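Next up, some structures in structure tokens.
Presented sequentially are two complexes of subunit A, the first with subunit B as partner and the second with subunit C.
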Partner chain A sequence: MSAMSRRRGRRLVADASIRILLVVFTCWTLGPIAWGVVSSLLPTEALIQTPPDLSPAKFTLANFEEVLGSGHNLVQGLLNSAIVATLTAGIALVLGSMAAYALARLRVPGGNRLLLIVLATQMFPGIVIVIPLFVVLSRAGLIDTYAGLVLVYLSFILPIVIWVLKGFFEAIPPQLERAAAVDGASPLQTFRLIVLPISLPPLFATAVFAFIEAWNEFFFAIILTRLDVKTGPIAIAEFSGQYQTLYGQMVAAAVLASIPVVLLAVVFRQYILKGFVEGAVKG
Partner chain B sequence: MADRSATAAAGRRSSVGYAERRRRAGLLLVAPALVVLIAVLALPIVASIVLAFQEADSATGAFGGSWVGLDNFAAVPSDPAFGIALRNSVYFTLVEVTVVVVAGLGIALLLNHRLGRSGFFIVILLIPWALAPVANATLWKWIYNANYGILNVVLRQLGVIDDNVVWLGDPWLALHAMLLADIWKSVPFIALLLLAGLQNVPQILYRAARLDGASALQAFRHVTLPQLRTTLLIAVVLQSIWALKVFDLIYVLTKGGPADGTVTLNFLAYRVTFNFGDMGYGAAIADVLFLLMFGLALLYVRVFRPGRAAVAPG
Partner chain C sequence: MAEVELVGVTKRYPGGVEAVSSVDLRVPDGEFVTLLGPSGCGKSTTLSLIAGLDEVTDGEIRMDGRAVNDLTPVERDVAMVFQSYALYPHMTVAENIGFTMRLRKRPKAEIRERVRAVAESLELTPLLDRLPRELSGGQQQRVALGRAVIRQPRLFLFDEPFSNLDAALRIRMRSEVKQLHQRLGITSIFVTHDQEEAMSVSDRIAIMRAGRIEQVGTPEEVYARPASTYVARFIGSPQMDILPGEIERDAGQAYFRVGGERFAIPDAVMPDGRAVDLGIRPEHVLVEASGVPATVVVAQPIGPSTYVTLRWDGGDLTTRLPGMVRLEPETVQHVRLQPDGILWFDRETGRRVEAA
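What follows is the complex of A and B.
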């Protein structure tokens, strides 16, 4: 009797501590984000009081109106990001799905070695490739153009797309392709008419991932853009460098740029978890 | 052999065998991606190595500069900024990876617990992960603000500090402020990765351990850890590579200062090349970093061969 109640007591204590840890974890993860969102909704006068004035009457969308206004280049930056990210994701998906299917199913000579090299290049620091690319793109007049930026973005996005899609294509039952072959379909027809249509969900998820990566990219963008195709992250970095004291606006710009990618990640979480996280564990 | 009927069907339409057509189709499909990757990855990597043996000034148009043999590499060890950057990179990476993997494992265990299995926790992990690194850096710049930052406000209210601390004004503090911001952003992915690893551990092993009278701690040591070994190794290698690549955070928070206290190898190579215009020397520093990361990449590939289940039994 007493042993049982002791066991139950111990279980209650264990559950309570797990619950406390979960609360701590939630606060730790959401705290900075919550503070960022709150700050973006408060005028500077409220933010520079100690402690900050959090009375509901102070909340306003003024910071957002200000950073979206014509005085800043945030809107143009986000627009550029959207264009570059869409182009990158689209091209990476077309080239990547073709290569991934070939590597998964069509016995390309040296395919496995190629795959390993593709994976390894993923780990090279951007600075190594950006110096020669900068020189070549300057000569070709491609600095500060969409084409130049998209081309360079493919260097790190295409490998991930190939790697992830290869995993998806391998999971398609081979009987399907064999049946198509019996019906006289060529390998290319099989790919286009059978494999691609049934792979739409993973293709879409991979495109979402590629979009997020390209949207967030900063390092190549700061080196390869000047004025015309400055992306969202550049606009935010410049803002937080130039207008250091407009705290609310600085954070509002960061919040605005984060909303699309956070939404995409949350909405498509099932695919991201399956494709990227479990893919990295299972190989 | 099973393809014989397929071969026959295909053979009616062309004289080339089905296997051969598959091979050709494969090459055709791989070619475009391969061409792009060679152009934007392979050639630049080779060019970067060539560049490091040249005196190439961005003002003079670079490339085709004069050959200087090993001069650029010879200058590396005696450059005090390189020494500082190397020390910062190694320290940053060691601390970052250790904390991220330990915290990630803790969170993964928590979320694998009966009470932690809620989609809500997965969603909140995805938010810091998806955030643009620049947005993250801006957020922390505001948190660390010396006059009005929430960190100073909270610590003063708690009585931990009496006066505001200039978090980004001291080399040691700035480096650790950067570490904290980077750790906060990096933990979620590793936690998700390890959670996926935990969910692959066969439940029967835990049942067996419990039957043998193992405590929760013993089960963790003798079942969880050995089963999770490969996943942990992947997490360590991936996170080391990412830690060595950190750039956005430094650019926004400190630009490498104060007194080069937050300059890493990656940032130094950028500064030498694009602020000082010395492309040859910048490429040499980049190549040193490249070798360091190449070693890690090889390790990753060894751990993680395609097609092999990482969470293999035993």
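What follows is the complex of A and C.
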């Protein structure tokens, strides 16, 4: 009896410490974001005081009004980002899923070597290739265009999409596809009617990943764009000027830029989780 | 419906592994044939070749006399049931069963009607709107059967369909498949490693070993007249005993000596006096006072009979006694070999030899 209650006590302690750790972790991750939201609601004068003046009377939506106004490029920047990120995610998903399926299932000559090459492209730091890339894109007339940016983003997002999806496709029992072949499905029908529907969770997860990568990308965007295709992150960076940094507006812009990503994660959360929780077939 | 013929069929994988070696087999129209063997013997590969899911390296597969090597599974018009059922997890039972007709662009009403009829015959009607993961193993297996029977194919292929089911269900499904075959009369090829399953459902059994067919015959033939010690040991449970020994003659009576004892046998003269082993099944080992003394090692009652393992100096044997018998270990019994149950196998090749 006492041994049992002691064991129960120990379990309670273990339970409580895990919860406390989780709370600490959550604060640690959400803290900067919360601070960002708070500071976006404060005028810069209140922010740069030490300590910052957090009196509720100072709270205002002025930063948001200002950044959404015509004086800044933020709206156009976010629009550009949305176009580039959507195109990148869409193309990466279509090309990536087909390439991954071919590499996972069909006999591709030199398939393994191809995969390694795909992986090897990931090993160059962006800074190494950005100058040659700039030259190539400018010769092709692709500087400051959607096409140029999407092309560059695909070059590093597509390999990851291929590797991730290949793993998922390989986990599908081959007997499913053999059954489909006996039922009369062509390889393309098998892919479309069997493989894709049961791979929806991983497909959503990789699409969201590709979108966020492209949405947040800064380094290539600042070098390969000038005016027309300037993306959100660059518009945000421009709040930091030579003579002053508009912290309040900058953070407000950042908060606005995070909203689509947060929405994506919330909307697709159940699919992304499902991808991990649910096995395809009992084997 | 179709007659299927395999002529010198060989499957070699890149890298040189030969999974199927020059297999010849003829399955007449309407017959139920089982490919039987341990895992890795090439039986499932042979089935994939017949289905058209894998390509033949050498040889020819014919259906009704026509070579089908280059045809797809659909063109061969085969239906197949897989070991893991391979149900489409995102489709309901009805969609799973009707998938093949949907691919054939049949009208929706016709598909619904056929699915309903098939579900009726397999007692799946209440489950039509469920997803595979909501079904028990036995129900999933019946859906897999339904998917195969919805169109009347020329050929049914079964790849170890029951090995994921528990023992009781397996026996029930055996009889369902056999009834299905009796009702539809469609040529069927069944793959299993379970000799009892093979015996109970097949018209004929092809026993495979290392990519080759060791023997083809009716269940009676392969049981009573196995072509080799391999077949003899594979068919029947418990196994046939194969005793190494020498033939002796003494005062006009022939004996087979195994270790310190000898068993009386009908006089047997081997062609070219070659060395042979004696094969005998438990039901042909008789306990009789006039027999050879042997001590009981273990007695295993299984209901209708009891299997008793007996040992003497230099050998052991299993006998079957009727009913549930209690025998204490270390007690002595006397056994005799029933003459018409004795089989002879060439000691070197393992092939069965007929005694003159």
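Everything below uses one rule, namely that the second predicted complex is superposed on the first by the 224 of 283 C-alpha atoms of A that agree within 3 Å, B and C clash if a C-alpha of one lies under 4 Å from a C-alpha of the other, contacts with A are read in each partner's own complex, and residues count from 1 in each chain.
Quick note on the criterion: a contact is a pair of C-beta atoms (placed from the backbone, for glycine too) under 8 Å apart; a residue touches a chain by one contact, two chains touch by 3 or more.
If you're wondering where the values come from, they're calculated on a predicted model, not measured in any experiment.
K.L.:
Determine, under the contact definition given at the top, whether A:L165 touches first (subunit B), second (subunit C), both, or neither.
P.N.:
In the superposition, A:L165 contacts neither subunit B nor subunit C.
K.L.:
With both complexes superposed on chain A, which partner does A:A181 reach: first (subunit B), second (subunit C), both or neither?
P.N.:
both
K.L.:
A:T50 contacts which: subunit B (first), subunit C (second), both, neither?
P.N.:
In the superposed model, A:T50 contacts subunit B only, not subunit C.
K.L.:
Looking at the overlay, does A:V67 come into contact with subunit B only (first), subunit C only (second), both, or neither?
P.N.:
Neither: A:V67 stays clear of subunit B and subunit C.
K.L.:
With both complexes overlaid on chain A, does A:W215 touch subunit B (first), subunit C (second), both or neither?
P.N.:
first
K.L.:
Taking the superposition as given, does A:V195 touch the first partner, subunit B, the second, subunit C, both, or neither?
P.N.:
Touch partners of A:V195: none, neither subunit B nor subunit C.
K.L.:
Touch test for A:S258: subunit B only (first), subunit C only (second), both, or neither?
P.N.:
Touch status of A:S258: first partner only.
K.L.:
For the three-chain arrangement built by superposition, which of subunit B and subunit C touches the greater number of subunit A residues?
P.N.:
Partner with more touched residues of subunit A: B.
K.L.:
Residue overlap on subunit A between the subunit B contact set and the subunit C contact set?
P.N.:
In subunit A, positions 178, 181-184, 280-283 sit in both the subunit B and subunit C interfaces.
K.L.:
Would you mind writing out the residues of subunit C in touch with subunit A in their complex?
P.N.:
48, 51, 53, 72-74, 78-80, 82-90, 99-100, 103-104, 132-133, 137, 140, 147
K.L.:
Touching residues of subunit A toward subunit C in the complex: what are they?
P.N.:
Residues 173, 175-176, 178-185, 189, 193-194, 197-198, 280-283 of subunit A touch subunit C in their complex.
K.L.:
Under the definition above, what is the set of subunit B residues touching subunit A in their complex?
P.N.:
2-3, 5-6, 9-10, 12-13, 18, 21-23, 25-30, 32-34, 36-37, 39-45, 47-48, 51, 62-63, 107, 110, 113, 115-116, 121-143, 145, 147-148, 150, 153, 156-157, 184, 188-189, 192-193, 195-197, 200, 231, 234, 238, 241, 244-245, 247-248, 251-252, 266, 269-270, 273-274, 279, 282-283, 286-287, 289-290, 293-294, 296-298, 300-301, 304-311
K.L.:
Contact residues on subunit A for subunit B in the complex?
P.N.:
Checking each residue of subunit A against subunit B gives 15, 18-19, 21-22, 25-26, 28-30, 32-33, 35-36, 39, 47-48, 50-52, 95-96, 98-99, 101-103, 105-109, 111-112, 114-116, 118-136, 151-152, 154-155, 158-159, 162, 178, 181-184, 186-188, 191, 212, 215-216, 218-219, 222-223, 232-233, 236-237, 239-241, 247, 250-251, 253-255, 257-258, 261-262, 264-266, 269, 272-273, 277-278, 280-283.
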